[in-house]
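Below you'll find the structure, written out as structure tokens, and then a few comments.
As written, the chains take the letters A, B, C, D and E, and residue 1 is the first residue of each chain.
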């Protein structure tokens, strides 16, 4: 199996990455009140270990993981727990959250700046434990708990570890700026994970539009002493280049089987941000309570990349960056292709927040929905080789089983079909509806 | 034409007929397949709208199940008692009685409740429910995406003037498709005879309900006191009627301060009708 | 089919149902092959209609007469033989009376034997009802069929040839739409007439609601 | 403050391409303008009238049907305009105007709106209209106009007609040499339908479509390649440019067969579709009763499009064949 | 028979004189069973089989029984008898061997009995080959090809009808009306084959 030039399909939406200007990371001041939703990862929500009135410091564990797929949650400010109540959640609409009022002292639980010398001699189990304690989840957006993913079953060894620095979503530059700023640390984290997994290769995949990052990583790897198997892999600029299955196909030529996981083809993919968080957790013993967030979009006056505490509300970030004097239409968490539109700016930054976009009405134009003219563009752009128009038509007519038989459940919801459709058909919405109905009918049958 | 023509033709036809008759008779011996004629008869009796309420793939497979697996004969909701009696007569067994059930939407405020945000996209409540937890402030309110309306095989659900879906009780066949379709589980099958219902599903506390909806149950308990048969209880901030005790007296209807209890005998064919909402706010 | 209820209905209803309510072509959608094939000229349509009427009437009467004698298993072959006999008679008669019309459409006259309407009426009606009712049914159906055939052929002849029963209706200098007398024209005519019937039914349904 | 703004909420994605159906239709129409212009230039003002009547009748019929079906009138999406234009381009320049209107009516009302309007039709409306007119008024449809500035002694027949009815020799009598014939065919100074004559302009238009990403290369390329191969094997080298540049092949391959609604949705299906079109075109041209087979070939393939789609499904990523 | 003749017969029966689109034979099963492709295919195969065999059998009957005894006027009765028994046989066979197929074809299998296409091909064989030799191979092949043409028409229509299920057809056009309009349009396309020089 060999690496490919690229995968089949995909689209080229306008990048708009230049909006952010220079790619330095600025520190965003800790919020007055931090809203920390208990549900930060896939799986079950974590269980609070603090109660109203408790004093916490920056990095104090405030909620423990509950169940196998779940993650820890730490306070992002020092102060007092004032409530645990339902509040807006960027993914779920509304969910329980721990509200912490800052005492403005920003006192850390321990010193997070010095590197632990002993990190190199830790065993795999110890590293995993550190990662689990730090509450690390996949920071690309899927928010799958990292310790679960990094601990594959014994019969599925990982040969290739891929670091996903594609950042194919338009507008977003948070990973890019992180790569430029923290290349050394990322490489350290990468080496650590590679060693832990006993992987043969570690590929750092970066889209070609980030030439400076590619050059930087290449240079750093040459300087590194034990850079065996470490390699930078430039990717063609295309959406969804960063999608796990497509990335694996491009880099290794292997296709993850339908319904399978990357470990079925001996590959593990982690986002660049996650690798950095692992570095921090293991070398600095720092839990995940802040992350890089791109605040951008044509509705924002001064777009930038911020290092933001989890729990900061979108409102603070948006107000701080300033609203442009344009007709504003949407507030989105994440990229414009897969991000989630928000109904209120009261939602807090969570671990999954890679960007906050304020789109004007000319960027996020809906156009009149016309009848499908069967142009086949959705078929040719679908990276999963599906026929989105057919699937959505069948879902619309209630033929969920037929839709399933032509690949309904293989869709990864990248939205390429929806982007390209000249008729303005909301293909992805129908596909999502179909998935929902299918799962529901399966539950009913049981 | 002489006599010989007639003899010839009769002869030829006789020979032909006899030949094929024998061939057919022989082959039918070898190729015969046993099939119960009752299956076809039963599927003729069934309404053939293939709604699936019986739990089978369609009317014909239900018919097959009745004959081959001795399935119960009263599973067909659309056909009702008449059908089950007919089938029972055919099968030679006593029919089980079935109560006619109709769908009931436990919300009357969607059109009047407050909007959380402007939604654009596919107008289907199942989709809307996926976006930031639904587009109306009330977490238990109808989203007015009309998935139930479209799922109804007999077109028994329509929109009223507040654009809320409502069930035309006499058209409804009780197949239960809308029940499984509703993303917020607002619809249930209720007995046709019990004509007083509480049309709200909100488990929020009273104060929160008032904030978001004019016609939401606030759990005040007045109906509980008014009921002479102890048929109403407050369950998790929501009044619930126990239909086994309810005698349809209608006393609870008048005491309800937010008017979420409806009596269908009083011509409330359209829930929410008496609420004069100024503007029509469709999604 | 609910035939057991027909005993109570009036004779006129029996007769008239074939005209519109159970029109064999537009509503029951039976016997389409000859309808399409011979409806390019009104003359042909009449020939077909009469032959059809004759066979339907005779076979309905005969079958309702002998229904008791025929065992259930072999009834269809018996019906077919009876019908085939009358078709033979009709075809021989036409050959003698109107040889030029017959020459144009002998194939379709012969194929009356497998016309779904005749067999359908025999099976669904004549084998269960008495002679008089069967005859009424046959007359109704036959008239319905012939009338439908007449409408279709009139449309096709006027548009396709510009004539009606050979008389020129549309002046020579306006070119007739030749395709109407070809195969596609037959399909279009019957398709749109069916749509028209549907439309009427929908409208009626709306009014009664 | 964002709170004061009206936030719209939708499911992802939040951005969309700017290439809408509407724009696609107008690009196709624009790409046809050179060929239409050439038709008017060569055949005179009546050709312009034919185009105007077809377009006008199409739009009026579309409006009429939309009102009748209580659907929003969709004139500005350009589909009716395009249908009318395409129909006009495959009619003879001297075609009676009322027949033009009738053909347009048939195209829009019967082959498009009876099936539910844009996106639901099975057959290419313009071609269905042309085939209808061919069946209805065969004589008028095959009466061609003599070109004014043409070498003397030219009959009013198209080259394909000449070849079919009078044979190769008479064709060569009209055009002295192969190279002259091909030159005239390429430029378009031959008898024929309004928009079919100028192969060069049609190719330019077709390339515009492909580069503007309105259509893909699959159908035109497989169609034209099939014609090249079949004509080589049936007639030799001379036949290749002749069959390519005569008649409606270029118009059909670039503008008619690529009609998205009536062609298969998958790339593989589109290639099969193109090959089928090519085979039927050549079959009808060589053996059929009509000199030109493009129209019928595409219609025939339209009718089997659902079947092609059924057997040319895409391979789902991660699923082994 | 030469290969050229066979090809000519094929083109003639399948395309030029298609049973559905130009001869209007066998329309009842055509509109009835063409709702989905699998059953259209099954019905198509059944028709091909029956048509071929019916052509062969009626040839024998006509050539060796009806002509020698001068009973050609009895052809209607004789043919229908033969075909009816034959279809009965096919039906029994299907029921035994392919019960699933038999169920999906449902009430339409008996309709092959009254399928005018089957009887039609027998009559056509007589009339078409009256002037020339009424050969066994020729008439059987004609039956076979006519069946293929019928099946092709069924498949085309079933594909289109499956697609039409998702179309927004006007209320009045739904059902058989649109099927006939579609058939008309297909038959326009088939006009392209008229005047073939074979």
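Just so it is clear, a residue touches a chain if its C-beta (ideal position, glycine included) is under 8 Å from a C-beta of that chain, and two chains touch if they have at least 3 such contacts.
What you are looking at is a predicted structure, and each value in this text was computed from that prediction instead of being measured.
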So the chain most remote from chain B by C-alpha centre is D
Dominant interface by pair count is A-D
Of all chains, the one whose CA centroid lies most distant from that of chain C is A
Per the C-alpha means, the centres of chain B and chain D lie apart by a whole-Å value of 50
Taking each chain's mean CA coordinate, chain B and chain E are separated, in whole Å, by 44
Note: chain C sits from chain A at a C-alpha centroid distance in Å of 70
Among all residues of chain D, those touching at least two other chains are 6-11, 110, 114, 116-117, 120, 132, 135
Multi-chain contacts in chain E, i.e. residues touching at least two other chains, fall at 74, 77, 81, 85, 168, 173, 178, 181, 185, 188, 190-191
Within chain C, the set of residues that touch 2 or more other chains is 179, 182, 184, 188, 195
Note: in the complex, chain E contacts chain A through residues 165-166, 168
Per the touch rule, the chain B residues reaching chain D in their complex are 117-122, 127, 130-132, 135
The residues of chain E that touch chain C in their complex are 21-28, 31, 73-74, 76-77, 80-81, 84-85, 110-111, 113-116, 119-120, 123-124, 127, 171-181, 183-185, 187-188, 190-191
Given the complex, residues on chain E that touch chain B span 61, 65-66, 69-71, 74, 77-78, 81-82, 85, 88-89, 92-93, 95-96, 99
In their shared complex, chain E is touched by residues of chain D numbered 69, 110-111, 113-117, 120, 122-123, 128, 131-132, 134-135, 280, 284, 287-290, 293, 295-297, 299-300, 302-307, 309-310
